[in-house]
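The same chain A turns up in both complexes below, where it pairs with chain B and then with chain C.
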Partner chain A sequence: MKVTVDGLTLELPAGTSAIDAVFQAGQDVPYFCAHPYLSPVGACRMCLVESGSPRKNPDGSFIMDGEGDAAMPKIFWFPKPMAACTMLATEGMHIRTAASSEVVGKSQAGMMEFHLLNHPLDCPTCDKGGACELQDRAFEYGYGESRFGFERRHAEKHYPLSENVILDQERCIHCKRCVRYFEEVPGQEVLDFIERGGHTFIDTAEGGLPDGFSGNITDICPVGALLDNVARFRGRNWEYDHTSTTCTLCPVGCSITVDARNGRLERIVAGENREVNEAWICDAGRFGHVFASESRLTTPLIRNEDGVLVPVTDDQAVEAIKRGMAELDARELAVYFSADSTLEEGVAAEAFAGLTGLSSIDHWPRQPGYGGVFPTLTEIAQADAVVVLGADLAEEAPVLELRILEMLRGGLLPAEFNHGTAIADLRLVERPARKRERLAVLASTPNRLMEHAGIYAELDAKSALAGLTGTSNHPAVQGAAELLSKGEHSILILGAEALASLDTASRSALQAFSLRTNTRVLALPAGANSRGLSALNLVPRSGGLSFEKFAGTQAALVSRLDPLATGTDKPDFLIVHDTHLTATARQADVVLPALSNYEKRGTTVNLEGRLLPLRPAALKNGESGDLIRALALIAEALDLKTSVRGIRGAQSLLGERLGLDVTELPIHGLRTPLGQRYEAAAPKYIPKLWKWGMKRADFPNSNRPDSELPQIGGMIELPVVPGTTVPAPKTTFAGGDD
Partner chain B sequence: MLYFDDKQSLVAEILARYPSSPQGKRSALMPLLREIQNAHGFVSEPHMAEVAALIGTTATEVRSVLSFYSTYHTMPTGRFHLQVCSTLMCALAGSDELWDHLTETLDVQPGEVTADGFSVQRVECLGSCGTAPMLQLNDEGYYEGVTRARCDSLIAAMRAGSAPETDHPVPVVVDADGRQFLATGEAVGANTDSLYPLSTKPKSASSGGSV
Partner chain C sequence: MGVLELAKGMGVTLGKMFTKPVTVSYPEQRASVKPRFRGRHILTRHPGTGLEKCIGCSLCAAACPAYAIYVEAAENDPAHPTSPGERYASVYEINMLRCIFCGMCEEACPTGAVVMGNEFEMADYRYRDFVYAKEDMLVGVSGSIPQRREAAQKGKPVRTGFTVPGGVRPELEGVKYE
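Now for the complex of A and B:
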């Protein structure tokens, strides 16, 4: 299909919208209402273009213009400008943008004047300022002044739609993105236009926005009407250091941009990854970042003669470890770390275990996996039968829920162009029909996804799985089994509850069932990087103790885990590597400050086995280091010469292992075989998405013993025992792209 | 008790007018709202939720549709509900001044009802631009070319107990079968029985309906 934009003729696939034709040609039109992952509706009328097409005579030949060889098909122009986002580009179509048409330029400036009629001039105090589509487009395409001499509309300026989203009704330009988002993406009709004409405003009659995915409307709002309340008034857009990285709250691995200001994490916005999260993230991933900048540990601490933890230098910490381990062999040290640690940290831990010969090494949470070829998220979105068994996706992998809902709408992934994802894919329609019968949800307790499922039942995972793979007289289980066997692209998703119930018999029954019905099985990993860490030998060796037997060890390093929160006995010598002074850290002999995953460089593996990069945001974290550094300090204390002393060493070791350069990972990630899986028995674990410290309200400094401690810049200032040397505070930023 | 609890046959009858698909069911929104409004004079929030449950949507959606049309009310209206057209043509002919005069004389604002039963509302175009400025009384009809003096005399008559005859009844009314009639009683449009697919439409019937 040939389309001519401003005189430039280009070849385009059929089905391209005129707005994408314009951008593909390298030209520009302004737009507010179109969004790549939402239906185009032509609400804002900013993308006006002049367009025309050739017509044919009754005999099939083109109506020509001109004489002889110079004759060209005559272009019949539409009498008025057309909205490019809702217009299909057709063979031979000619399009003129403002670059070549005065009419278009004037129409767009006129529309801009309309958009600004009631828009308040509060850009200087608006959080969107500097990153505002309306502001940018008004500058590029507007008249620069208004002829409207009357009073602007006044409406509610601080209207809380929920705890996390604040609406400024005056700023709204009625593009309807948020309304369409809720209806089309999470399938919740909770926002809509109220009233009409100049009085129109956005509101809900449901008593607030539902939990889960409400924060995405703050990203897609083209003006400052919908704002992230956690980040509100925390900084201007040009002050933020933006870092594109990967979210590690759950195993989905959404692309995010971390915005930091003055070393504090102030805001997280969704990044685009067509393969993983498209343009959406969950509310926990967006709003739950408070802990990253509150009460952080910034220096090592050791327990002095009086039994009080005091801040020290790295060297003093190394000395303390050396003293503590003096009576012990390096093999007696147990190493436990969180399953959201990076592959690099995992490689370092594995190397450390090899170096010391220790046998007690473990990561947590961990649960039995299920092998086989697991589907990608895009394959799930394009499947025709999905059964979710023993999983509460709202807690385990929220964005996977959105991809399953996408499957119900037909799994239409917008096309890709030189300018990125199609701005207006005309296959996406408002109020899409949903094929609910393609989804079955079987779980022991009601969950959010059940509302969208054609087949659902409250059943415990063990009997549901047994019924699915064997025989059952439960209609929902029968329905689910039939769905999977009839589907051509069938996918079974197993959550924590289902995986905990797996034994040898049910495993082989499941294997037989998936072969028989040609079903692919996705076992949800317990931790953000469980999939990656299970490819490294990070489970207890023979004679070693697993994490839940932590109290039985003589000496242990516990990294970003809090086993003593529930009050078990501590080992004789305890080294804690953590971001905060947790219950475990309070009982430690040595505390090493840790980096949160927002500040790490490294690689994580999501639930579909995709390697995704972590990049360090510019957060203030003092002397904090990752697990690689903590292990290097301990190796130094033990007089061991480790080969992995930093991120570079870990990355080259990892690169050798995987046969690729992990420093060159694209932000969209890369799927690669990870090789052998290391498994060990694991206790039942039910993931919770929101953890301690993620909300301001639950940051309980007040009911913790250190409430009386002075806090400076959000960091704990520990009491100093007279006579101790306090290391000079160093301001370090593990930031930027160093 | 909810409004439709004892009117299940009416609900079934209204729903039967539309396709039974989830999308089609939603079309029953407006007639259901009309039932409630005719009975109570306005639609309250519990009733919005009730309609939402009946047609499988959310209260937000119901409120959105309801608030779009000025003929649905969310608050009780008076015996004399005066609706002033305030769209461009009427505005050019002085509807703002008419509105100010009306509200000052009656001492009432939108959403309020005076002791003597007046309520006011600004509405969008009522399609009587040639006789602007104008106002509509209840669902009954139009007073056209309403000057200050005429406004005063209308109010005086209503205060005395009876509204003067309207200049025109509301142009198009819809009867229970969904048929539309002009104020003159002439049928307009078509009901579903008179519609034929184009392919089967008999030639003689081509001059049938007029819109």
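Now for the complex of A and C:
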């Protein structure tokens, strides 16, 4: 299909919208209401262009203009400018943007003036200022001044829609992105326009916004009407240091951008990864970052003669480890770490285990896996039958839920152009029909996804799985089994409950069932990087103790886990590597400060086996180090020479193992076979998305923004050591943004 | 060069001996500065309500070519607002050692909150005494940090070493230099 934009003729795939044709041609039109992953509706009328198409005679030949060889198909122009986002580009279409048409420029400037009629010009106090689409387009396309001489509309200014989202109704330009988002993406009809014309405002049904995916509307709002309440007034957009990284709260591995100011993590916004999270992230991933900048441990601590923890240097911590391990053999030191640790930390732990010959090593949470070829998230979105068994996706992998809902809408992934994802994909429609019958949800407790499922039942995972793979007289189980066997691209998703109930018999029955029905099985990993860490030998060796038996070890390193919170016994010598002074850290003999995953460089593997990079955000963390560094310090204390002393060593070791350069990973990730999987028996584990520290309410002693944090403690104060003082932190510093 | 030229030159010198000197014996005598002289910043308040004009928008910090300004904003308590509207500056600091007194902050300020005053006597000993916070710059605070320190030690009011003949600019509403 040939389309001419401002005199430039280009070849485009059929189905392209006029706005994408314009952008593909390297031209620009302003727009507010179009969004790549939402239906185009033409609400803002900003993307006006002049367009025209050739017409055909009744005999099928084109109506020509001109004489002889110079004759060209005559272009019949629309009498008025058209909205490019809702117009399909057709064969031979001509489009004129503001670059070549005065009419278009004038219409766009006129529309801009209309948008600004009632918009309060409070950009200086608005958190969107500096990253505002309205501000930028007004600057680029507006007249520069308004002729409106009357009083502007006044409405509710700071109106919390939920704990995390705040609405300013005066700033709203009625683009309807947020309304369409809720209807189309999470399938929740909670927001809508109320009243008409200039009085129109956005509001929710009673009870505010539902939890789950509400934060995404703060990203897509083109003005400052819907804003992130957690980041409210924390900094201006040009003051943030932006870091594109990967979220590691759950195994989906969404692309995020971490915004830090003065070493504090103030805001997280969604990044775009077409293959993983498209442009959406869950509320926990967006708002649950408070712990990264509150009450962090910044120096190593050791227990002194009086039995209290005191801040020390790395060298003193190494000495303390040396003293603690003096009576013990190096192989007695057990190593336990969190399953959201990076692959680099995993290879470092594996190398450390090889060095000391230890047998007790484990990562937690760990879940028995299920092999086979697992589907990608895009394949799930484009499947025709999905059964979710024994999983509460809202807790285990929220964005996977969005991809399943996308499957119900037909799995239409917008096309990709030179300018990125199609701005307006005309296949996406408002209030889409959902094929509920393609989804079955079987879980022991009701969950959010059941509302969208054609088949659902509250069943315990063991009997549901047995019924699915064998025979059952429960109609829902029968329906689910039939769905999977009839579907051409059928996918079975197993959650924590289902995986905990797997035994040898049910495993082989499941294998037989998946072969028989041509169903691919996706076992949800328990931790964010469980998929990656299971490819490394990080499970208890023969004679070794797993994490839940940690109290039985003589000496242990516990990294970013808190086993003593539940009140078990502690080993004789305990080294804790953590970001905060947790219950376990308070009982430790040596505490090493840890990096949170927002500050790490490394690689994580998501549930579809995609390697995704972690990049360090500029956060203030004192002497904190990752697990690689903690293990290097311990190796030093044990007088062992380790080959992995830092991230570079770990990366090259990992590169050798995987046969690729992990430092060169694209931000959208890479799927690669990880090889052999190491498994061991694991206890039942039910993931929870929101953990301690993710909400500001978890830090009642923090009195931001007037004072900086104390060096240690905060939420949990350290016991005061007689005769010593913790150096008072410098309260503020001028000119801190350079 | 003739005698006439010499006499002319001597005449000029001699003539100046009988005019009033332009130098002042500062600091005993006050120097006079022009109203548009750019000195230490003043954070102004709204007349009447007494609320701070500053809304903590950080535009002064963005405009500052010397990176001398640091602003942190917070939400106003509706019952006891610091400034009109939702937002106020909880931290507002200018590092006077970095400041080049160019006045770009004043130009960038959307509310006319930060205005270049006429004060210039800020010489001090410690680096941190050059970081002026909100309480050092709000209108009504007279004198620089060292001047106020000295006044407190001596128990006397702050004495600034300059006057502004003809009064301050209208932007510096409520500011009096004495």
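By our rule, the second predicted complex is superposed on the first by the 698 of 738 C-alpha atoms of A that agree within 3 Å, B and C clash if a C-alpha of one lies under 4 Å from a C-alpha of the other, contacts with A are read in each partner's own complex, and residues count from 1 in each chain.
Throughout what follows, a contact is a pair of C-beta atoms (placed from the backbone, for glycine too) under 8 Å apart; a residue touches a chain by one contact, two chains touch by 3 or more.
Predicted, not measured: the structure shown is a model, and the values here were computed from it.
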item: Touched partner set for A:Glu488, first chain B, second chain C, both or neither; value: neither
item: Which of chain B and chain C A:Asp639 touches, first, second, both or neither; value: neither
item: Chain B versus chain C as contact partner of A:Glu67, first or second or both or neither; value: neither
item: Which of chain B and chain C A:Ala205 touches, first, second, both or neither; value: first
item: First (chain B), second (chain C), both or neither touched by A:Asp122; value: second
item: Partner chain in contact with A:Glu305 - chain B first, chain C second, else both or neither; value: neither
item: Which superposed partner A:Val190 touches (first chain B, second chain C, both, neither); value: first
item: Partner chain in contact with A:Lys157 - chain B first, chain C second, else both or neither; value: second
item: Greater chain A contact set [chain C / chain B]; value: C
item: On chain A, the residue positions that both chain B and chain C contact, one per complex; value: none
item: Chain C contact footprint on chain A (complex, rising order); value: 122, 124-125, 129, 157-158, 232-236, 238-239, 705-706, 732-738
item: Of chain A, residues touching chain B in the complex; value: 188-197, 203-206, 431, 433
item: Chain A-facing residues of chain C, complex; value: 55-59, 61-62, 66-70, 72-75, 85-87, 90-91, 93-95, 98, 110-111, 131, 133
item: Of chain B, residues touching chain A in the complex; value: 23, 45, 48-49, 57-64, 67-68, 124
